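Pasting the structures here.
You will see subunit A twice below: alongside subunit B first, and alongside subunit C after that.
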Partner chain A sequence: MGSLARAYGRPLAAVIVGIAVAWVLVLILVPLGAMVEQSLWWRESKGDVSLTIDRLYNDISLMELDRQSETDPAKKAILDQSVSEKQAEIATLEAQEKNPPKSYGIANFTRMSGLHFYIFVRTIFYALLVTALALVVCYPVAYVVALASGPRKAIILMVALIVPYAINELLRVYAWLMILDYRGVINGVLQWMGFINLDAREWIPFLENPSAVFLAMIYTYVLFMVFPMVNTLETLDRNQIEAARDLGASTLRIHRRVIIPHAKPGIAVGCIMTFMLSAGSYSVPAIMTRGQGGDWFSQLVYRQFYEANNWNMGSAYAVSLLVVCTAFILLMMRLFGVGLRDIAK
Partner chain B sequence: MADTTPLRGKDVRLDKVSIRFGDSTAVQPTDLSIHAGEFFSILGPSGCGKTTLLRTISGFIEPTAGRVLIGGEDMAGKGPNERPTALIFQNLALFPLMSVAENVAFGLEARGMRKAERLKRAQELLELVALGGYGDKKPADLSGGQRQRVAIARALAVEPAVLLLDEPLSALDLKLRQHMRSELRAIQKRVGITFIYITHDQGEALAMSDRVAVMSRGKLEQVADADTLYADPATPFVATFVGEQNVLRGTVAGVADTRAVVDTSIGRLEGRVKGPLRVGEDALLLVRPERIALGGTDANTVAVRLAARSLEGASVHLQCAAAGQTLTVTVPNGPLVRELPDELTLSFGIDDALIYPVGALAHG
Partner chain C sequence: MSTATESAGARLVLNIYIGLFVLYLFLPLAVMSAAAFNSFDYPSVTQWQGFTLKWFVALAHDQRLLQGLVNSVLVALGVIVVSIPAGLSGALILTRLGQRSGTMLYSVLVSPVLTPGIILGISSLIFWREFGVPGGLFVAVMAQSSFIASYAMLLFLARLQRQDRTLEEAALDLGASHTLVFRRITLPFLAPTCFTAAVVAFLQSFENYNTTVFAIGGEWTLVTEIASRLRFGLSPVINVVGVIFVALTLVAAITYVVLKQKPKT
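Right, the complex of A and B next:
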């Protein structure tokens, strides 16, 4: 603060610090804090309270019916009394239903069902798989783009990479849906070539396989893998490649010993971004599987919020995913031996 | 100094090699023979094709026509990793993420040598270049001269028969550059292999080399030892590129055997014939500043006016004007040059003046 004030003057320094604080608050602390707080409590809602209330209302209606047809004043008084008793009971129960007691703890995290935990693990595994596949697909592309000689060639390659990303992500996913659907482009072509008969339902069910989701996901997130790698590969001195070749190294060894070590920070950033995006992606699995393939964890989180209406549980699920993703980032950084400083470059 | 098994240098022969990139010719058909174990320099201004020629020898560029022979063997179709050459890049291209020892051992690693063995060999080579204790450091931790020596050790590790150097000293400061010249020369003597050294710095080429090829516009102008290049340049380009020259334009007034007479704006001057001359045609007369003497005892005398003098330490440069021409004279520093009159007489011998048919000069 002191040095900022000296460099920019007091008012500007105050503005800069204010923006930084607002950034941390609005973008990090408040949303994350709200999510974590939400995940750490729940309301003890007994499922039978509403039922009991319904029953009590039923009883009251019956009693009032009885009371109308009753002529004996003594019995009438007894009925009146039990009606008021039941109304009092309803009032307490309704109060309880409206504002169930709040308890704090980590139960939201431990209460995950076996099936949900399985989906959680599988989602992490799938996301890792998508990341690995994207890396394999993108490394050669990034290499070619980064080392393309001549400005025109590089521009063409860059444009070819960017143009698909000018289209909305949902549209691109739907495009893949059309390609892979039962009566989609591929099955259509196969029918046209005479291999299958769609009217006899002989289509290949691409969408029932998780690889359809992988495909769409890799396509969707390829750019996040390619760009960081291109950026680091572009800074590689080509003389190093030639020097390695001159010293007798095979292409494989040049990549393993010279190019990949240089590209490590880019690879790490690409992997982290792709993993985070695919582990948290909702639209791609939701659209591609249409409920016919297995769910991804993001879909469970969505359902906890908007179908089960259990925001606490949903928050706990979301926080679990966040923790695992963060652990993955740290692991990747350790694995690639890159620090935050390298990645920031 | 570690004892290193002496390597065997090989001769390099270019047989009508020419290199074209699209429409432009980088190297015109060239014949060149470099002896085994020789320190050979290719000297030329930037863009003259010398680096292209070097990359052709190392195998990064295939010649458009002609053959490259190393040790008598045709190198056609052989990649840089299959040739008995090692290249030292202008920016050295050390691997920044590997240690110095790993850098030196990289070529051996590529040849499948076991780790302990190759690191031992790397250590020997580092001792050869006086960097014995630096194996664990990263290249970035070394000074410019040390990095230079690492690059040499790395190239020598693969036991090349020919070491190719692409202006590796150009990034160093003047002092270090001069030191590295003698160092390079000493290393070459010690390992005994052929060095082919590319440079645009005539001082480097003249100081280190057994022989020098001067190159201009994709063509070899002259191949000779340093003394011959300086004293007896074959073309006006070589004459003006290597060392300083006074260039006088004139018309041939007479040719007799090895001598000719040229009419210039400062008078009729006589010199040695260095090309086909015919009476009445334009010609260039070149004379070096240090071959011109104060006073009028030599065959060619010129009356001039002293325009400027600049002290260079051991010598003094005099700028002299005569009939629109400027003549530079270098004389040893001494009490005489301190009180020179404005009007001077200069003279130079017939053998000190070289007369060429009009041709390209190195500086405009």
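Right, the complex of A and C next:
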């Protein structure tokens, strides 16, 4: 902090530090803490409370009916008193109903149903699969863009990759929706070839298959693997490859011993981004399944918030997802021996 | 110019592979774009019923999509206002911190980039509800800024690494005030990055869906509106939005290539 004040003066340094602290607290740490806190408590909703309240209301209206027909002032006073007693009781019960006591614990995590847990595991599994597939598909692409083509071709290739990357993720998913829909491109082609008849509602329901989500997801996130790899591979001195070849190394060996070790940080970043994006993706499954299937974990989270209105449970789901993603990042960093500074280049 | 590290056969295989990959990337977008001009009222390229521009007209009259566009721009501007100062402050501090405490702060400031978008949306939604602010455009700005500020910070950090600090020190020695130095030396040096970061922030915000959908509550941006429409079935109006996006991106990319190649000729 001292050097900051020396460089920019005390008032300015204070403003800079103030903004950064506000960023850390208001945008990052406290919201995260609020989410974790939310996941750790629940309210015991007792159905019988509202039943009791209903009964009390009934009693009161009965007594008020009695009171209207009552002529004896003494009895009237007694009725008045019991009415006000019951009203007081209702008030406390209603406060309780509106604001049931909080209980803290990890029940939100352990209460996850078997089906939801299965979807959770399947989401993680599919995300890993997307990551692995993207890595295999993208490595040759990154290699060509970074090393195996002249500068002119490299620029053109780079642009060819950036253009689809820059198109909104939603529209990229939409393109696949069009292709795989009941009256989509593939079914259209099949009809044209005479295999099916769309007017008779004969079509192949690609969208009802979970692999439709998988297909669109690879398409949507594959490029997040390419660019980190290209970035690291571009810094590789091509002479190293020449030297290895001159010394008699085979192509496979060059890749294994020279190129892949150099690309390590890029591979790690690519894997982390691809995994994180696909495990946490809401857009792809929500659009591909039209919000009907519960295929992806993020959809369960969304429903907890916006349909079941159970924010505590939803937070617990979100925290679980965050824990898995963090574990994956740490694992990749350990596995590839890269630090956070290499990651965010 | 290209390096001759591959045999001709290997190069051919690689070229075919890249060609297929690029085709894979572009074919769906081409299908989507083409269907925008089909007068059939279900977006399709296989059932072609004649060229039309009526879907463009329909888009121009679509109040909800237009309002979504306005909201998207508002949110993006808000994100710029929040994330550029935040990113800049973070970068200025990090360049002056020691290795150890620097790494600590760095980890915190970069963490939003590595966090799934829905988590950022959810945590902001919960946090602001504590203050009685329901999900909406404001919460969307806050949720998006948390990670877009990190991107801005990374851009500023890269720029600050190339800064010649002796300039600032010399100006101070010559009696300039700190504010003057900041305004006349530091900020002008960072100005190009400010511009880049603002553009990046705008695009990131405009495109964002996963974070926004949780934070937006009952309001909508262009992207969340498109997503909720897709639930009820496909409409060529969405294809028109797609065509506009593709066209804008292509124009930007071609301009970039032309500018990049000019100095060499």
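Everything that follows uses one rule, which is that the second predicted complex is superposed on the first by the 273 of 345 C-alpha atoms of A that agree within 3 Å, B and C clash if a C-alpha of one lies under 4 Å from a C-alpha of the other, contacts with A are read in each partner's own complex, and residues count from 1 in each chain.
Following the convention adopted for this analysis, a residue touches a chain if its C-beta (ideal position, glycine included) is under 8 Å from a C-beta of that chain, and two chains touch if they have at least 3 such contacts.
Here the structure is a predicted model, which means the values were calculated and not measured.
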Partner chain(s) touched by A:86 [first = subunit B, second = subunit C, both, neither]: neither
Touched partner set for A:272, first subunit B, second subunit C, both or neither: second
Which of subunit B and subunit C A:67 touches, first, second, both or neither: neither
First (subunit B), second (subunit C), both or neither touched by A:242: both
First (subunit B), second (subunit C), both or neither touched by A:257: first
Most subunit A residues touched (candidates subunit B, subunit C): C
Touched partner set for A:32, first subunit B, second subunit C, both or neither: second
Intersection of subunit A interface sets (partners subunit B, subunit C): 242, 245
Contacting residues of subunit B [partner subunit A, same complex]: 58-60, 79-82, 85-87, 89-91, 93-95, 97-98, 106-107, 109-111, 154-155, 157-158
Contact footprint of subunit C on subunit A as seen in their complex: 3-4, 7-12, 15-17, 19-20, 22-24, 26-32, 34-35, 38, 137, 140-141, 143-144, 147-153, 155-157, 159-164, 166-172, 174-179, 181, 183-185, 188-189, 191-192, 219, 223, 238, 241-242, 245, 251, 272-273, 276-277, 279-283, 286-287, 290-291, 298, 301-302, 305, 311, 314-315, 318, 321-322, 325, 329, 340-341, 343-345
Subunit A - residues contacting subunit B, complex: 237, 239-240, 242-250, 253, 257-258, 261-262
Partner subunit A, residues of subunit C touching it in the complex: 1-3, 5-6, 10-11, 14-15, 17-18, 21-22, 24-26, 28-29, 31-32, 35, 42-47, 82, 85-86, 89-90, 92-93, 96, 103, 105-120, 122-127, 130, 142, 145-146, 149-150, 154, 165, 168, 177-179, 181-182, 186, 203, 207, 209-210, 213-214, 223, 226-227, 230-231, 234, 238-239, 241-242, 245-246, 249-250, 252-254, 256-257, 260-261
